[in-house]
Structures are given as structure tokens and as C-alpha cells.
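Data block below; observations after.
Which chain is which? They are A, B and C, in the order written, and residues in each are numbered from 1.
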Amino acid sequence: MTFLSYLISGLSLGSVYAIIALGYTMVYGIAKMLNFAHGDVIMVGGYMSFIATAHLGWPPLASVLLAMVVCTALGIVIERFAYKPLRAAPSLAVLITAIGVSYFLQNAALLIWSSNPKSFTSIVRLPSLKLFDGELTVSSVAIVTIISCIIIIIALTFVIGKTKIGKAMRAVSEDKEAAQLMGISVNQTISVTFAIGSALAAIAGVLLCSAYPILMPTTGSMPGIKAFTAAVFGGIGSIPGAFWGGLLLGMIEIFGKAYISTELSDAIVFSILIIVLLVKPTGLMGKKISEKV
Amino acid sequence: MQMKLKLTGTKRTRSNAITYGIVVLAFLLVQIVDGTGNLTSSLRGQLVPICAYIVMAISLNLTVGILGELSLGHAGFMSLGAFSGVIVSVSLQESIVSDPVRLLVSLVIGAVIAGLFGIVVGVPALRLRGDYLAIVTLAFGEIIKNVINTLHVGIGRNGLRISMTDQASLNLGEGGTVIIQGPIGAVGINKTSTFTAGIILILVTLFIVLNLVHSRSGRAIMAVRDNRIAAESVGISVTRYKLTAFIISAALAGAAGALYALNYSTVVARKFDFNTSILVLVFVVLGGIGNIRGSIIAATVLTVLPEMLRAFNDYRMLAYAIILIIVMLTSNNDQLKQLIQRATSIFRRNKDSRRKGEESTHA
Amino acid sequence: MPSTSKMVPVPSRAIIPERDLNATPILEVSHLSVHFGGLNAVEDFSIIVGRTEIAGLIGPNGAGKTTVFNLLTKVYQPTRGAILLDGNDTAGMNTVQISQAGIARTFQNIRLFQSLSVADNVKIGLHNQVKYSTMSGILRLPSFWRSERRAHDEAMELLSIFNMQHMANYKAGSLPYGAQRRLEIVRALATRPSLLLLDEPAAGMNPSETEELMANIIKIRDMFQIAIMLIEHDMRLVMGICEGIAVLNYGKIIAKGTPEEIQADPAVIEAYLGQKKEA
């Protein structure tokens, strides 16, 4: 029974990683950049939901919507002012800028909300599910998280596969110049990608804080980095890769914590990244990217 | 022709000489100020850390500026150097009586250990194109922090003992010394680092990095940075030279770590976290990517300044973040670059017109 | 070998009578093919290039000319076919090994080490010619000084081919376009190749510059006694200096022969006229 309960925790945490990893993987696939600040957008989402429920007394769902709206706007603003001017710059410059943005968000949050942890009230206010005569307790947050993740994956696969903007995204990710020639607005497509990724980050932030109810300015950074690891694990640029990578990483972390060592669980997760890059650098579902000569 | 080339030769030598000179001059200046009793105790306490940060900044600039890759786990290499340096120093307390010699051995072993881990991290990350080194080094820094936090190391009759669980399992016996106590870190360190040792380490670091840059291997490293495909086409093994640069960079960070740790009686793994890596990156970016002298100056100024401007402390990190963004945007966006050039040229014109008759400067 | 019977160098026998056609050719390519996805970028490409021959590779845009260069230098691994360099099979080699084996190239979109000096660009080309260890470089051992002097002298000598010695200390990225193209050739020559591949060397040059380039290409061949294979759209250059020409269209060779033969070939005229209609 304990194994089953770990499995569910792993799937739940993995679902959060998967939702965050989707944002990384979409932005990486289309803008070819590692949006280091993505993890901190999660944190902003968490604070928005916290303020809405704790201070303004909004219902949970409305607080999620607020978080999504704010994070979407934030994502677009970051892209417009920090990344767009560097479209032609070397990737090193873009990466350092992204780190600057991440650091900026963390420290701005620190000044606004202080470093004191806020205790986040879960937005899912349903009773836990008791199974097998009460031997297995499944928290409602875990169930909502896993279901949300599945819905998001299905919706995103539909958007990318069937809609006009999805086609534009695929085209831009294949070849920016060719897409431009075909009349696709590259800037607008990248903007939309950041918007979708940031809205997902907001959802991930609320779900993460509901499961682990401590909210701090640095709340998003570690899950952000782990979700990036998940994206690399699954194959950066691949949507199903982000999903499976996230789930696997979440389970590895929970099982590592349970059966090996609590202190070393992060070390285990990150060792996986190094091993994956050694053995299969393109990840589980990634494809090789070739360069034009 | 021959003349002109010699000229750049001397120009390059002169530029390097100025860099060495600044370090030596700063050393003498501090000695004089200290000798006349004008050095505040807080500043005196900062001397060795400043030296360590300067070495860190030069080392990271080798990776970022010369190699063109980003390391976000440089503090991890510093940590490895720090803790292995401390272990060596405590272990050799009896066998090497002379403090400077023991410090030297600790620094060298700290550098070697960090360099070895540089291979472990570099091999998987540097084969790949893209931002992988950044993320792998970041992960590596976290792993090192986690592992050292659970590490118990002691020395007893049975020699050096290491345990990942607790102190008791070290079985040191009587007269044993515990060196690292898990999350409490290393304790009871005999402070052997000195300002003079720090300055010597800076000079050695400069010697290694500047000579490397102006040699066959250095050119190969920069060729890979400027154009990987062209470098391969003239027969340069990309992975080999990336690794060379990265290992040297990691080893120097290890030496800096050992110098840093041996300046305190206790040191914890948390000290060498992601924030420290970012701090060093800020030194490099503000000093100018690829500009070694700039790194030295930025590391010094940004370490001394917050000490003097306490009130500014709350906004320090925010300011660093803004520095990173602004410097990157202004140095990499053509429109912004032109805007700044125009602004400075207007500024210069005003200055020039005020100083009538003087020759105008080039924009 | 029926498909290689009409090789490039054979019909040009008359042009360089002193060439030893019995010796192993420097380059022998047979049935080279590469597929990207479902697309046959290059299909069944076979040529032979003599030891001191100047060979041309022409064809409309997108015909796969640069892809052939990328296959020869192993930027792409061929799907099928063999490349013999000086009689030795290059299968399994990577780009670095190809350079060491003796093929050097320039790029269609110039690829210099932009932030480094002109002299350093050439010295990087000398990487495998003038060697010393990283350690002796850091410690400034005698081998460093000796080799650096040699590298400097050789770089200057190579730059003097194009009269570029006075530019040695300029940043490569700051050079005018034509000089950048010439520097790329010098850098390639520094690797001491036996086969030099030039990808559109005259692109962006005016007629008088092109004229000069033609003379220089011949000068390089004569000086270094090497084979040169070039991709070029400027027909005056191709017809003027190439001894053998292969025409590529849709990844396939549609004609091979001397300039005279190529100019008279109906398939070539068709391919080029067809292209003109589109344009």
C-alpha cells in the first residue's frame, strides 16, 4: 500500500513537472532558447493565487484564472522586452539575459512579499479519497493535478496538431525564414508560445503550492530546473517527451526520497540528467537537430 | 610589415603587463594602507575572499569569454576545492608543519579534484551543442551541495574515513578529528590562507589563462567559439579543446575554493550555492565577457562596495539582475548599441566643445 | 566501371599535358548518395579529380552542389557510395580527420573566426602543421617560442599569396567582403591540403576582382601542386579556368566534360534555360 501511495505522489509531482516542462519544451522548440525565467513565472502564479484567495477572498477557480492572466501577460512582457531584442544575438547572451530575468523576478518578489514563507491553502477543497478500507489515502489535490495534466496534454496536442496557430508554431520551429516567407508572423507566433507556456506555468504554480503549501520567492526555481531536466529527459522540443519525462522524473524523485535518501533525492534527479545526456543526448523522444552549413 | 606586427606583439605584452601590474600595485597599496593602520578590520577580513572571487571571475571568464559556454555551477567546483582543500590541510596538520607549504599542497589538491570533476561534467555536456553545459553544471552544483551536506569526514588512527550517514559510523577512535560534519560543514579549520597567498594565486591564474589564450590551444578554443564548423574544417577537434578550457577553468575554481575555505575556521556547503555562481557571473558580465582585467576590477568593486553601502544591501541582488539584463541587451542588440554610441558621441562632442582646441575623440 | 568511364579529367587530357594520368587520382567518388527524410539531395554522384586539376561543379540553385562538398568533408555522412582520397577510403572518417587527410574547404556563407585577427585565422589553419602541447604553451617552453615563430612566418608567407600581409593585425570580421573570401582561401591552404574545395569563391565580386581571383586560383594550383574543385555561378570563371566540369541538377550529374563539351551539351542548356524561364 505504501508503494501505491508513493506511486500516486510520484505521478502527481510528475504531472506538475510535465506541465512546467511543456512550457520549456515549446519555447525551446520554437524560439530555440532556454527560458530560464520560466520557473519563476510559476512562483508569480503561486503568489497571485495566494493573494486572490487569502487577501481578496476570491473563490479558488477565480484565483487560478487571475494567476493565468497575470502570468500570460508577464510571459509576453518578458519576451517582448528581454528576449525579442536578442533574436539575432548569440545563444550565450540570450541565456545570460534569461538568468537575469529569473533573478530579477525572484528578487523583486523578495522585496514585495519578503522571504517569509506564506502558507498556501490548497485550491482543491475536496476531501481525500480513502481506498482499500482506509489503507490508502489519495489526496484530492493529487487527483486534480494528474487529471489537469492529462487534459492539458490532450488540449495542447490538439492545438498544435489541428489549429492554425499550431501549424504556425510547427512551421516556425522547423525553419524561421521559410515560415516568414510563407506569410507566418514569426514574432507573433513566438509571443503566443510564451503566452501559452506562461499560462501553463501559472496552473503548475497553483497545483504545486496546493500540494506543497509553502510559498517563497524561490519556490519556482528548483521545480523549474527539475522540469527542464524532465524536458531534456523526454527530448527537448517534444510535447509527449515533456509529458513522459515529467512523469518519470516525478516518480524517480518520490521513490528516491522514500527508498534511498531524502537529502540526496535532488542529487539523484540531477544525476539522471547527466546520465541521459551521456547515453542518449536527444532524450527519450527527441530528434536530432542538424545545422545548416 | 614586420614592424607593425612587432608592434601588436608589444601591445599585447603591454596589455598583459598592465594587468599583472594592477594586481601587484593593489597588493602594495593594501600593504601600505594596512601598515599605516588605515585598513578597517571589515575590509581586512575581505582581502582573502576578494582574491578568491577574482580567481573565480577569471576562471569563469575562461569558460564564458574564451570558450563561449556558460557554467552555472562554478560554485560547485569552488565547493569541491574548498572541502578537499580543508580535508588535505587538516590531514596534513602534523606531517607538514609549515603553513604556506600546507596551503600550497591544499590548493593544488583542491584544483586537481575540481579539475577531475570538470572532466566528469564536461564530457557529457560539451559534446552537445546548445545550452547543455549551463544546465548540466547547474545540476552538478546542486548535486555537490547535496552530497557534501550529507558527508561526514574524519581522520583517526585508521586514516581518512568517510561516511554518508552519521558521525558515529566514522569509527575514528580516540584522538580522531572530525573534519566535515554533514550539514554543519567543516569545522576547526586552521586558517592558513593569507592575502599574500591570494595575490600569488591571482598572478598564477593570470599567468595560466593569459598564456593559454595566446597559444596554439587558446587559438583553437577561440576558433571553436567563433565558428565551430569552420574550426572542424581546419582539423580542430572541438570536444578536445572545449574540454581543455573547461577543465582548466574548473581547476582554477577549485584552487579559489581552497583559498577561500582556509580563510575561515568553519565553512558550509550552502555557501557555494547557485547564488554564488550567479554572483561570479555578474562579475564576468560587468567586467566584460572575455575581458580578464575587467573581471578582476568588477570582482573587487562588487565585493567591496556592498560592504560600504549597507543600505543598498536589500536591493543588491535586484541590481545584479538588472545589470545582467542591461549589459546583455546593450551589447548584443544592434539598435541599442547604435543608440548608446550616438548618446556617447553627443556626450563626447559636448565635452570636446567645452575643451576648445582639443582634438576630437573617435566615437 | 561504365558509369565512371566519362570521368572529369580524361577529356581534359589536352589541357595539362604534363599531368600523369596513370597516377592515382586525388579524388575518386563513386555512386555517392545522401537522403534527407524522403528527399534525395544527392543521387549516384561519381567523379574523378586528377592530382593537379581544377574541376568545376555547376548547376542551378538547390541542385545539391554544396551538399556534395558537405559529403566530401563529412559534415554529412553519405547514405551510400564511396569517397577515395588519394586511393584511401574515407568511410568512417569525421570532418577533423578529413582535414588531416588533406581536404580543405571554404564556405558559401563565409565562416571566418570573426573576432580574431587575420594572422590568427591563418595560424588556426596551421593548427595541425605547427604543433606544441597546451602545457608548453602555458609554461612558455622553448618549443612554444620556436613553433610560434614558425607559425608566424608561415602565416605571413601564406597571406602574401594575396598580398594581405599588411592586414595581418586587423580583425577578420572587419575586413571588406572580398578580403574575407580571400582570407578563407588562405586559411584553407594553411592546412596543407591536397584537394581544395572552393564554394562560390567569386560570389559578390566585381568583374575585375573575379579576373584577379581566376589568376590566383591558377597560381595556387601551380604553387602548391594541388587539385582544386570549385562551385561557381560565374560562367566566365568556370569556363575560363576549369579543366573538367560536372553539371548537377536535382542532385544528379547531368553532364561531365571539358568546358567546350559542357557548353555544347543539350541537357545542360535545357537545365539552364529551364531555370532562366523560372527566373
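We adopt the following convention: contacts are C-beta pairs under 8 Å (C-beta built on N, C-alpha and C of every residue); 3 or more make two chains touch, one makes a residue touch a chain.
Because the structure is predicted, anything quoted here is derived from the model rather than measured.
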Centroid comparison with chain A (C-alpha atoms), farthest chain: C
Centre-most chain, if every chain is reduced to its averaged C-alpha atoms: B
Intercentroid distance (Cα basis), chain C paired with chain B, Å: 43
Centre distance in Å when chain A and chain C are each reduced to the mean of their C-alpha atoms: 48
Geometric centre distance via CA averages, chain B-chain A, whole Å: 32
Residues of chain A engaged with two or more neighbouring chains: 293
Contacts with 2+ other chains: residues of chain C: 75, 107
Interface hub residues of chain B, defined as touching at least two other chains: 229
Complex interface listing, chain A residues touching chain B: 33-34, 82, 85-86, 88-97, 99-104, 106-108, 110-111, 221, 225, 228-229, 232, 261, 263-264, 266-267, 270-271, 273-274, 277-278, 281, 289, 291, 293
Residue numbers on chain B that touch chain C, as the complex places them: 1, 4-5, 8, 207-208, 211-212, 215-220, 222-223, 226-227, 229-238, 244
Interfacial residue positions of chain B with respect to chain A in the complex: 64, 68-70, 72, 121, 123-125, 127-132, 134-136, 138-140, 142-143, 146-147, 149-150, 164, 229, 274, 278, 281, 285, 289, 314-315, 317-318, 320-325, 328-329, 331-336
Residues of chain C touching chain B in the complex: 73, 75, 94-96, 99-100, 104-105, 107, 111-117, 119-120, 123-125, 127-128, 130-132, 134, 137-140, 144, 147-148, 151-152, 156, 165-166, 168-169, 187-188, 190-191
